[in-house]
Structures are given as structure tokens and as C-alpha cells.
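One chain, chain A, appears in both complexes that follow, with chain B as partner in the first and chain C in the second.
On to the complex of A and B.
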């Protein structure tokens, strides 16, 4: 976080009603955030303890269910697999995005003709609507007629074609691939920004000491980039764990549930089975998971940096 | 004179173009596919040698109305987000309000809330209020992405406005509202454009709220149009892909128009 610039202590005399106008600036946004984040979170917690089904919408009657929704969700036979899929999807996407993002950021740090333009164009995968790019990927990955298998066959890497969307393990790999592609630009942009903040004279000094590119990366770039790396990874996990669009569009959670994550399950329970109680329990697990991760990671990182 | 971390020559440009071509291949493929003749052959050629616009004709006929819906909703959401975020960002950056840090932390925490949670609650509430299948309902829901984002971007920019500028106006007798309207807002023009561009795109790209909060086709954003096309029209791939291209146009246009602001602010926003 940047340090706060020094501020004058608001020396103007307090006029009548002034205190009130100050709050007037914040009130609309605060009201909105309370209605559209505060209320849903609270409502979701309440719903997760209720037997809230499609009849509840008509009768307004949702009996208290205690912990039954959580018990049902956690003890479901599909849950361990859903949890594992979520972990693989998240870890795979975040690591893939980060590795490629860092590679691109380091590459674009060199100054060369058209570098800036190419770097901006790289943002495109991130700016496109996920539904549009997801649809394209679905078509590209089609086992029979997709261009990916056509290329692989052309290179004689496979004769029968890879069942990208129909094989259970390949489908998970496919959604990780697509989600990685979507997230690379964001990682590149932030890591590039972090690289720009490293003072160039450090590299000059290292060079004079005879450090090669690898040594300067290990002793200058990586340690100084660490805080930015932390932020990127935390944001990556927080964003990825709740991804729905990519999976719904590319595989729809299939084949045979191979790409169902906690997020898609929560959608499935709430909006396909209209069991809002269980859906809410599932999505509350998701919030807790991502918050716990964020807190643990940031704390571990702070400790690592102060040591 | 060689400045670390190094200068690259035309070779770097060449490598960069190749890397970018690989990364952007899906975008090319989307455009290529949209220009192929109709039919249920998914393959198509490598190049649109005989570009066929029938996919676009079909897409415009079926999805034209959805494009307008998306435009209305995205514009509405961008305007609402800016209207709510700008004063709040100014207040958080300038006034010494108690709890400023808590509010900022809360805004960052909203990033961890999955849209499905918001959709769960809104579905029930909208059902009672009659906001399902309405432009207003989508504008309000889509702004859940835009408002926090705009506050973060505008806050970090407005904090960099020199205190003296504002003090000078205050000394001249301008009230807080006047200072905000006549000094802060004009100075923040670029940040407002950036935040506006992004909030527009966030709403334009929304899929989940469209999926959950619309149940008929009266108010149907283009993203949902693509998705439903995918279910029903797989034998008209060129039309599906033409719709995907049209849904991608704002992103491409905004990238070109607002390029410099955009790249700078992505990094700036994450720098929080």
C-alpha cells in the first residue's frame, strides 16, 4: 500500500452543516454497498440455515433447518471431488497465469520498437466478455472438428485427437487452460507495474559486481517484486475460486461432473434445483475459503518479509 | 549507453509479435469463424478467403435487440457507478472521516464475494420488487462490480490532487460541494474516463446476473444471447461466432481509444 501523502489538518473553519455535507458524499455509495453486498451476505447466511426451496417463493415460508444444509452439502458423495476440482482448477489457473504473466512482464520490460503497443494488445483476452472467448475456446477444443486437435494431428502429436471436452481429466485441463489464458494479461499488467518500480541503478550496481541476468533476478528482481507477487497471487485465488462463466460455457461442469467446482455447484443448487438453502451453504463455504486463504497468505507473507 | 534492464532490438519486436500472435490466436479464430459460410461443419478454413457475412446477418436479426439491451445496461451501470463512486472517493481521499480505513478494507473485501451470493439474495428480493427481467435490475446488480472498482481507481487518483489546489478554492469561499464539482471533478477527468470505461466493460461482460436475474427474453443482454445460441444453434456456428465478435467489439474499441489510461490504471488499481 502506498504511504499516505501528508495532509493539511483540514484547517477550514467548520461551517454550520459542514459535518453533515461530508457524510453526504459517502452516503449514496455506502447505502448502495450495504444494499448490494451487506444485505446479500446477511441474507445468504440466513438462507443457509433455512429450508429454502421453490415453494418458499410462493408461500414465503422457509422453515429453520439448523445446520442441515451444511451437513447435506459437506456429506454429499460428490463433495470431496468438487473440493479437489476446485483446488486443482484454482491452483492450476493461478500458477499458470502467474508464470506466463511474469514471463511476459519480464519480456516487455525490455524497451524495443512496438513494445508498448504489443503490451496493450495483450490485454485483449482479459477485456473480452468471458462468454465470447469461452465460446470460441469451446469450438477450438472440440474433439472432432476443433482447430487444436487439427494442429496436433498435423504435427503428428496425436492420431486420434485429444478428447479435450469429453474426457474427464482432459476437460479439467481444458478449463484450467482457458482460465489461464484469460488471466495472463492481468498478471502481466500488475507484475509489469511492479517491475517498473524497481530502481534501475540496482541493476547497474549488480552488473558492476559481475552479476549475470539470473543472479540479478534472484537477488534484485524477485525480492523487490515479492509484495506485488503476494497481491497478484491473493487476488488470483480470490478471483479464480469463484469463477463460473468459464466453466459453464466451456464444459458446463461436465463430463460427468468432472469440472464441477464449489462455485458451479452453488449455482446448480440455487438456480437449477432451486434449493437456495443448500446453494447458500455452498457459496458461504466459498467466501470462507477465499477469505481464510487471503488472510493466511498475507500474514505468512508479512512474516516472511519482516524476518 | 545501456540502461538496465536492457534494450531490445527488432529481434525483440519479432519475438513479441510471435508471442502475441499465439496469445491472440483465439481472437483471430473467433473473427475467422464468424466470416465462414453457414453450415454445421465446425471446421472451416484457416483464413476467411471468401468472407461470408450471412453469420452477421443472422446474428443481427436474432441478437440486435440484445445488443441494445447490453448497451443500455452497461451505460446505465457506468453512469451509476461513477455517480456513486466519485463523491465517495473524494470524501475518502480528502475528508478526515472516522472509519475511512475500515470502509476501504470493506471495499476490498467485496472482491471476495462471489456474484452468485449477490445473485442468490437479489433473485428473492427482485422477485418481490418486480425487478426481475428489467433494465434497472440489471444496472443495479451489474454495478456491484463497478462501484467498488470505481471507488478504488478514483480514490487513488484523487488522493494525488495537491491539497493546496483544494485549499485555495476553499479560501475563496467555495463550499465542499462546489470544490468537488468545480475543482476535483474537472481535474479527475482522466481517472473518470478510465473508471467509466472499466465499469462499462464490467457490466457489458456480465454473464451471471444476466443468467440468474432474467428469466424471459424481454430483457436479455448479448452475453446471455451468445450462451443460449450455443445451446440452440450449434449448426449455425458462423452466427454464434458473429455474435461473439459483436459482443467483443466494445472491449476492442475501448482498448484502442483508451489504451494509455487503461494500461496505466490496471496496475494503479492493483497497487492498492
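On to the complex of A and C.
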């Protein structure tokens, strides 16, 4: 319509136009986020304050329940144990995944024959459908006929076999082990990426200064990897706290509720007992937990950048 | 408040479908979302079930097609996996896109009927006369019939004839005989008995014959009768006659253990018969679930899928669906289905006929005649009690709690505390 004015002379119309275009570019992503993440979360929050049953799906009628769902969930006699199980499961899995992931990442940083092949093999657990790997683990851990106990018996480490899935404390260990196995590839991949960013000449310099492998890990690798470590750990917590499929497939929350976490409880309430209001309340606790860690993550991230 | 949004979404969906599928589908679509009863002649109806197993899907597909032909409609069958049927039905209920003919597992019927999404069958002259009383009650909600199952099943004791003969053990009829037999049959690498004591409704379902036959009741779980039943399972595990792994086994796992010769007896259903028959070297027999004392008859839970007619704006479609449902439940089709799936026809007279031709079904048919629907007493409250029961089983079998403690806790779960 009119010719583009020189920028320095009259910046404001251009900037306004810019602002519109900027919004235009943001709009698809923003719409997507609002539609597919914002709406379900908002809906879940609303649902947790409603008495939402099977009938509500058909009639659209869900009476307001106030805080009753939260009260019921929090005061349930099983809740303290569920919370503790969730904490143990999450901490155990995250630490296990991280330690193994870091070990593998450090190992594969060295160049050796078939290193590439082995590294891609390590990603396999990630590619398998969880139900398939979970079922296989369930078979392997079967106390009577599973291969794990067969090996342990063969090595004379145990005579009666470990009740991997039938002992209340062993079952929790089992799901932690399986979930660790599932998460190692992710940790390895991210940490390996982080290691690639550390300039190799630092190590050479350290070597010249007489630093051994331990010292160069402590003074070079670890400090430079720190930002990546905090990302991996926080993401690990957020991913693990909501794990459902591994537990459902391997132990189904049993025996005697020993592997029941907030996530499996929420599933149980919603899809087995059809109490969607309480299920939503339970899953909102998970969202709050994840948010806490997300904030921690952002903080850690900012500090890492400013330092 | 949500209905305008819903109907516009439906209109958009219809438009898109029409565009994609072009003329023929668009007219089909028109009849469905169109102006209801005056939608013209019905040429096709939709059906939803969970028969995803290829053979089963085909067998039901054939029957639906045949029944459709007799009433002059094409039946479009869709099958989804068992676990996703109810979630799918809930989605469809909220978007008013339920199929014309819907299959449900019988304990789910009351939940869905309560929503008002299903049409009562009495309006179509369909009743449950001549059906096993358990299945009639499973298909009813607040005194009205909403669903009918052409064939039903229950559980019984399946045993390995060779192992029993070799150990010189008679087929156990009572709990004491069961304990003794299981102990005698147990040896290295083999357990005498197996059940599914899984932390799911399947575990509850397997325990019900023991609970009910002893006079236990799901309305009041903290009774001596219930504790005795649970004690029986605890004894079997503690004596080593039953693997502790039952805590983690599904019914399919129990079956695999039996076929592999790692257990001599198991509780399972007739739907396992085709697989059992595949192994010519396996000689098995079926007996009723053992009862507390001689002379009692076992009270077992009723399994089977009921067919229902969801509410539909087009009464003409609903009419056709009801006619197909009636056809599925006709005596001759029941017999065909029972033959194909090794189940029991749900009409008592037809069941007798079926047993004459298939003696191995006698134990199942006998149990079905007096079998109880899981929802007959608690109705929509059943899932809570069922959760309480399997939790109690798990606590008792792991030794976390005594049967009495576990069941009093279960009673708290069931009453929602």
C-alpha cells in the first residue's frame, strides 16, 4: 500500500507489523499446546472436583463434589504406602538408570572395534514395545520357572529361588530393575551427547598436568556435564513418577499392593472402579509432583547458564 | 451446555467422512446423523464387540451377517481388544456415536445401563424366559432387561487324568479332598493345584466359587465363611501344593502351566477346551469346583457376553438391531455358538441338548444352571467389592495379613472407606 519507510526514521509501524507476524508464527504451536496439553489438563482439574462416573459420560452431568475426591484419595488407608512406593520406585529407577547410563556413556566414548554396533544395540530396549519387554521380564523373573532364578540356582547363589514377583519387598525391587533397564538407553544417549561436547584438548592438557582418569573425571567431565546431568535427572523423575505400563505388565500393582504407585492407583480408580473424579484427583497429585520438579529443573538450568 | 458443541463437532465429522468416502458412504452417514426416525429405510447397522481373536471374530462375523440377512440389514462388525471396550463405549457414549448393537462383558452391563445409554429390550418383545436365572439377572438393571447372552461360561476344576491315575488320586469333590489330592500330586517340578490369584478382577472371579459355595457373600466380606474360603487358598500355598506364583498368574498362565505338565489340576473355563484339545497326549477331565462338604453344589460366577441395543435417535435402526439381537439368542444359533466356542447355551433347555452331544461340557452346564451373576447383589457397586476381594487374596497369600484381617480390610474398601 505504501512504500516501506526507512527503519531508522519511523520504526513503529514496522515493529507493529513485525509483532503481528511474530504472533502468526507462534500461533500454530500455541494453538497446538492449548488444544492438546492445556485443554486435557484443565479438564482433568475440573473433573477432580466433580463426582464423575460412567453416567456422566452419557448425560454430561457431573455434580460438583468440592474437595471430596481429594479428601477421599488422601485419607485412604492405602495412600501413605502408595506414596512411599512411588518415591522408592522413582528414586531407585532414576538413580539406577543414571548410574548405568553414565557408565555406558563413558565406556562408549572410547573408540574400539564394533563400538558403533554395540552402541546401537544398547538402544534396543527403547525400541521394543513396553508390553512386550515387560511380559518377557515377567517370564524371566517367574520364581518357579523363570530364567533368572534358574541361573541363580545354577550358580548356587540360592537354593529355593528368589520370590522376584511374589515377595512384597522383592517385587518392588523387580519393577525398579525392569524400569531401570527400560530407561538406560535414554540416559546413555543424552549423557553420551553431553560428553561429545566436552573438548578433547582439556583431557590432553590434564594428562600433561599428570591427572589420572579419576581426577580428569572429577575436574573436567563431571563439572562440564553438570547441565546435562540436571536435565537427565529431572526428566528422569518426571518420566518415572508417571510410569504405569511397566508396573501393570510385570506385577499388576501386586502382590498385595506392594508395587502400587500413584500412577497405577489413578488408573485403577478411573478404569477399573470407574470413579473418574477420584482418578483425576490422584493424577493431579502426579501433575503437581512433576511441576515441582519442572520448577527445580528450570532453576537449576538458569543457574547453570548464569554461572 | 455441551450439546451444541457436540452436535457441531458431529456435523464436521460427518462432513469430513462424507468428503473422504464420497457418495455411497455419505448417504450412509446421512441416515445416521440425519433427522432420526424419518431417516428412511435402514440398510445397515453397526456392531461392536471384543472378539479380536481372528477365528472368533470370523465366527461371530458370520453369525451377525446371517442374522442381519434374516432381518434385511447388513451388519458392520467392529472388534476392539477386551481392555479397551469399556473406554471406547464411554467415549462413544459422550459423543453419541454408540453402535446399533453393542456387546458387553456381563459385569459391565449395569454400569452402562445406569447411564441411560441402553434401550430396554421389553419394548421389542424380547424377554429372558427359559434363560439360566443368573444370566437373566446379569442382563437386567433395576428390574428391566437390557442385554442377553447367547452363551455363557463359568469355571470348573480341570485335571490331568494321567497324573491322577498315576498317583492313585480320585477327582476331589470337597475342600479336604482337594487339599489331600493336591499334596499327593505335588512333586519336584510340579504343583498339585493352580488358580489365578492375580491382582485383577480375574483373581476375584476365580475366588468366587470358593467364597460363594461356602455361603460367603460379597455384601459382607468379613465373615467366617469368607475367611474359611480364603484360608483354603492360603493352606494350598503354604503347604507347597500351589505355587506362590499364583499371585501373578493370569488364567492364561494357569492354562500354560497345566499344558506344560507343571500343575496337575487347575481352575479354568471352557474357553480353554479348544487349546487343550490340540494336545493329543494330554488327557484331561472336567469336574465341578470342589465344595466345602460333600453333597453341596458349587455356586460359581457366570461369565459370558451380553448383547445390548444402545439408545439411538433412529428408532428404525434400533428396531433392526433388536431383531438381530433376538436372532443371536435363538436356540439354534446358541447351539452353533456353544459348539464353536465350547461354552454353554444360556437357555436351560438348549444347554441340556448341548451336553448330550458334548459330555465334557456336563460339569460346566451343571454349574451354569445355578451360577450367579457378579452384579446380581451389588449392581453398580460390584467393582469396589471386587477390588476389595482381590486385594484381600493378595494380602493373605503373601502372608501380609491373616485371612480375617485381609477380609475386614476388604470390607472397608468395598464400602468405600
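What to note about this one:
Methods note: the second predicted complex is superposed on the first by the 262 of 307 C-alpha atoms of A that agree within 3 Å, B and C clash if a C-alpha of one lies under 4 Å from a C-alpha of the other, contacts with A are read in each partner's own complex, and residues count from 1 in each chain.
Rule of thumb we're sticking to: a residue touches a chain if its C-beta (ideal position, glycine included) is under 8 Å from a C-beta of that chain, and two chains touch if they have at least 3 such contacts.
A quick note: this is a predicted structure, and the numbers were derived from the prediction, not measured.
Contacts of A:271 after superposition on the shared chain: both chain B and chain C are touched. In the superposition on chain A, no contact is made by A:102 with either chain B or chain C. Residue contacts after overlaying the shared chain place A:182 against neither chain B nor chain C.
Of the two partner chains placed around the shared chain by superposition, chain B is the only one that A:263 touches, whereas chain C remains out of contact.
After overlaying the two complexes on the shared chain, residue contacts for A:255 are found with chain C alone; chain B is out of touch.
Residue contacts after overlaying the shared chain place A:168 against chain C, while chain B stays out of touching range. By the document's definition of touching, both partners, chain B and chain C, reach A:57.
Touching more residues of chain A than its counterpart among chain B and chain C is B. Touch criterion met: A:138 reaches chain B and chain C at once. With the contact threshold set out at the top, residues 57, 138, 142, 144-145, 271 of chain A are in contact with chain B in one structure and with chain C in the other.
Interface of chain A with chain B (complex): residues 1-2, 4-5, 7-12, 15, 18, 21-26, 28-30, 32-33, 36-37, 39-41, 43-44, 47, 57, 104, 107-115, 118-125, 127-133, 135-140, 142, 144-147, 150, 181, 184, 186, 189-190, 192-196, 200, 203-204, 207, 231-232, 235, 238-239, 242, 244-245, 248-249, 263, 266-267, 270-271, 276, 279-280, 283-284, 286-287, 290-291, 294.
Contacts from chain A toward chain C in the complex involve residues 54-55, 57-60, 72, 76-77, 138, 142-145, 163, 165-168, 251-258, 268, 271-274.
Every residue of chain B that touches chain A in the complex is listed here, in rising order: 3-10, 12-13, 15-17, 19-20, 23-24, 26-27, 29-30, 33, 41-43, 83-85, 87-88, 90-92, 95-97, 103, 106-107, 109-125, 127, 140-141, 143-144, 147-148, 151, 156, 159-160, 163, 167, 170-171, 175-177, 180, 201, 204-205, 207-208, 211-212, 222-224, 226-227, 230, 237, 240-241, 244-245, 247-248, 251-252, 254-255, 259, 262-263, 266-268, 270-272.
Interface of chain C with chain A (complex): residues 1-3, 86-87, 90-91, 93-94, 111-112, 114-117, 198-201, 243-245, 247-248, 262, 383-384, 387, 391, 394-395, 397-398, 400-401, 409, 412, 416-417.
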